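See the structures that follow.
Below are two complexes that have subunit A in common, paired first with subunit B and then with subunit C.
Up next, the complex of A and B:
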């Protein structure tokens, strides 16, 4: 088992390395270079050349890559091109709001959707199961901003019409310091509700499919023939073997919560990491783009690694490969 | 099991593959023919087909049928943003007092056209590379697959933003970007299917017979890989529609003043905070995309059930 885990770790490292190369090369593509952006268009050639030399941009690409990669590994993300602030510093508060929303969404959405998915698998083909399946399949296919619009219509406008006050703000702004957990949930109510729906639709579907898939295997049939009650069969026998795919889809959704939520951030106008990266792209601040891109990629790889290891540990057949 | 017939003598070459029938039987009986059974839509499939045909019709003829040009003002004498629906503008007006219905009709063709062209491109590249990797042997396969994995681990929207910013946004750029990004996923699917077919007895037999690589690809692999790949097409189309409209929503897709559904949602978000504003300029385009993608999804469900439910598992 240990060798398997080491193997997965190595694959993870190789992927991160490949991605860092891709990100580095892709961002070289962005028009304009650091010196031009820093100094503006009126700068003389000599000034630009001096700054390029200072930033190390006159060296060959391979050397630039090595410098960037070693600095990154040491936790030095470099300086943003837009100002002289270091990137780690300016990422700080963005990171906080992204992490807050992701963690709260995960804490509310994942247990809820696991519960709903297992319930659907316990009572397949009932009305409950059909409605749940239809809603979750439809939600997977609609854009995030449609779900967000739905949330606004329900919690802001319909709520206002019925109860006479708005449950939440459409625009999420304001200082979140010294807020308790419940205040934070209230503050980010709409983004959290939207994201819960988005990830729930996938987790519910996968949980249901994974449990039902195991339910058709012979050892479950044996348990049914022995007369084990259905609830016990699912909770004790089926669920453990269905953990692999479920953990996998949870990891994918967590990665989405960190990197893919840019549409939600823009919709509700709060500043997270993803919006920061989009701004970086628009301002051609490629050092910022590289750093955040690497953070996203590392998050993805680490989450997938955890999912892989969890499924290896939970499944004896994967633990002892032939 | 009796209506599970492949008896070609019995009549018009008609044979059924019943959905959810065990795969082994299906493969056993149809060893070297693609499963080309006649396929019928269910009720929900028909609903999906009607919705999608409606939007395709609007996409093609919308600009000719629309009451106004996409940037015309229906009420030039009475300029005010977010007007409620009334005679002359059935869905009200947007942030710049343009007719929402006309803009949706103009945007339909752009949204559907770009996504469709992008998906076709993704399929062309993905299938060629994927089946190529399956045929070319372990070394090529490993190199191409690792590069592919690296690209898949990047968030699609971010990758799209970087590419579009680097080259500048225009409709051809959007099509190529969507094609290249979604190629990675088609590649993985095509490669997996190709690998599965490469170890089949009939491919072995063809090799032993001394057939060339081109013959094996076109006559043995392609007919058997086509059906599952085509069933996946609709699903991929949904994701590309979502991708393109998200890019437009972020202001990096279709550029204003042209109309696009994703862009319309973004332009009109201010309606939520304007007192007495009509919410239709946000709700209508968002609903348009949602009905289109859910409609495609209803058809896809039917097709993948027909293909033996194998695809839904592979997703």
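Up next, the complex of A and C:
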């Protein structure tokens, strides 16, 4: 088990560095450079040359990459090419809001959707199951900005019209340092609600399918014939075997919450890492793009590692690779 | 002999000054916006700009967020008033030598920075030097390039020596890049955000928000009414609009022109449209056939229905252009020049004069040039058809439009934010051989007038010269200026304001010190 984890971690490190090289090469392909974008249309050639020298963009590409890599290994993320702040400082703020939103979303959304999914598997083909399937398939199908718009319409404007006050903030900006968990949930209510719907739809469908799949296997049939109550069959016998695929979907969704919620971030105007990454690309700030890229990549590697360990723990057969 | 330019009280200043003493209450009457503004409240502004690369360096400021921020925290030697006239700022008065090559500014005494440091001539010299010299990365480098030498005659007097006469030099100093920052330990300190403007910077998070508190030691007596300001970067149009509608911010800029009618119907929200200097053009390269023939250029100028473009591309929030880059609100806008109208007969006449029966041209456009540029090109195609001109709109990629299409293809759609100073606009884009002369146009008389007018201190002579220059461009230039776009922004009911400045969006981006709450 331990050797497996070490092996996975080593592969993860190699992956992270391969990704950093790919990101570096790709950012170099983009037209223009940080100096050009930063100075805008009004810059003269002399302006740009001065800024390039200041940022070290006049050095050969290999040198630029090695400089970045050595600094990164020493824990120094460097200074943004596009602004004057240090990367670790500016990522810090964003990381905080991204982590806050994803942790709260996961804490609320995942237990809820597991519960709903298991319930659907317990009572397949009932009215409850049909409604849940209909809603979750619809939510998977519609884009997230549409769900977000619905949330705003319901909880802000319709709520205001009926009850005379707004239930949530449309624009999620402001200092969150002194807030407790409940205040944070209130502050980020709309993005959290939207993201809950987005991930819940997938987790519910996966949980239902995985549990039902196991339910059709012979050993469950045996349990049924033995007269074990259905609740006990699902919770004790079926769920443990179904955990592998469910955990994988949860891990992918968690990684999505960290790295892929650009649209939701822009829609509610809060500043998370995903938007920051997009801005970094627009500004040709390869140092920033790379640092965030590493962060995303590490998130994926760690979450997938956890998912693998969870499936191995829940399923002893996986402990002995053929 | 020295020519003293005295800047006296204008109407707005009179009202502001007297409002505080209570005299104006009866005079101002009626118009609520003019009543004595109340102090207090936290202003929340949603800005369409703001990116992580924004910095406090005045030389790197280039968007609406940083312009408002700089105007909020810093003082300037001169300021542009709401009526477009030049007002004294940190400089109380100024004088020019007879040839306008030397300018002496008397600085305001007793002004202190937010940190308590007192303001003096050293700060001015260091602040301007920040944009000069080989190593400067400032975007304002070209506009102070004419400064040869600066001397502090005493702690409250600075003399600028220029390499040529420039009657607009005090106007140049009102540029948002040229903020006056304090000198600390012999070095210019822009990093700390200390300034002598109306508001103290409390927190600045680039691309997210900036927070300000009123500076108690601001020298202007009747300005800066809000206790505090929150300026948020709400770049997404939808987020910005929803924030205003749901009451989470008190004002926003850059409205969606397609839906602005719906927004204006909403009670409690006021939509404002201010004609500015921002204009859209179609640039013809005068060094490339067939545009090297002035008759071809005139045929195309007559072949465009300007009002249709204003109605359909700007949804009415703009004004028709007259083939020169000076806006109606500017000091030397040529009022005597007849407006060029859509006229197929005249277009055909000029085509014939050029020896052509029909004309086939390609117009390169992309939405990067200006929002709706491709649609505008299609409208141009339709109106030009009547005139025997076969114009084909070519949709170019947005990415790299400015690098690969603009000034590379012979006929392109272009966007200009305009300049409050006529001389700057002409010198930037229409003087022979300058970097951004995107029409590659050259006119000896125009170049001669440009230099003469710059050094001319007599208003009337100067006006005559600028009028002539606009006329030359109108008749001979390679630029078609179909329209000037207005600044369109919205405020909540409780926001009180006077007449809006038109040199920038949002009341010349001086809303922080000019607006207040009811």
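Please note the rule applied: the second predicted complex is superposed on the first by the 272 of 322 C-alpha atoms of A that agree within 3 Å, B and C clash if a C-alpha of one lies under 4 Å from a C-alpha of the other, contacts with A are read in each partner's own complex, and residues count from 1 in each chain.
Convention: a residue touches a chain if its C-beta (ideal position, glycine included) is under 8 Å from a C-beta of that chain, and two chains touch if they have at least 3 such contacts.
What you see is a predicted model, and the numbers here were worked out from it, not measured in a lab.
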First (subunit B), second (subunit C), both or neither touched by A:237: neither
Partner chain(s) touched by A:54 [first = subunit B, second = subunit C, both, neither]: second
First, second, both or neither for A:187, with subunit B first and subunit C second: neither
Touching partner for A:27 - first (subunit B), second (subunit C), both, neither: first
Touching partner for A:166 - first (subunit B), second (subunit C), both, neither: second
First (subunit B), second (subunit C), both or neither touched by A:79: neither
Which superposed partner A:19 touches (first subunit B, second subunit C, both, neither): first
Partner chain(s) touched by A:267 [first = subunit B, second = subunit C, both, neither]: both
Partner chain(s) touched by A:137 [first = subunit B, second = subunit C, both, neither]: first
Doubly contacted residues of subunit A, that is, touched by subunit B and again by subunit C: 31, 152, 156-157, 170-171, 266-267
Partner subunit A, residues of subunit B touching it in the complex: 146-147, 149-151, 153-155, 157-159, 161-163, 165-166, 238, 242, 245-246, 249-250, 262, 265-266, 269, 272-273, 279, 282-283, 286-287, 289-290, 293-294, 296-297, 301, 312-313
Touch list for subunit A against partner subunit C, complex: 31-32, 37-44, 46-47, 50-51, 54, 80, 82-85, 90, 93, 152, 156-157, 160, 166, 169-171, 173-174, 266-269, 271, 276, 279-280, 283, 285, 288
Complex contacts: residues of subunit A adjacent to subunit B: 14-15, 18-19, 21-23, 26-27, 29-31, 137-138, 140-146, 149, 152-153, 156-157, 170-171, 209, 213, 256, 259-260, 262-263, 266-267, 274, 277-278, 281-282, 284, 289, 293, 296-297, 300-301, 304
Residue numbers on subunit C that touch subunit A, as the complex places them: 46, 51-57, 60, 62, 134-139, 141-142, 191, 205-209, 232-236, 238-240, 242-243, 246-249, 399-400, 402-403, 435
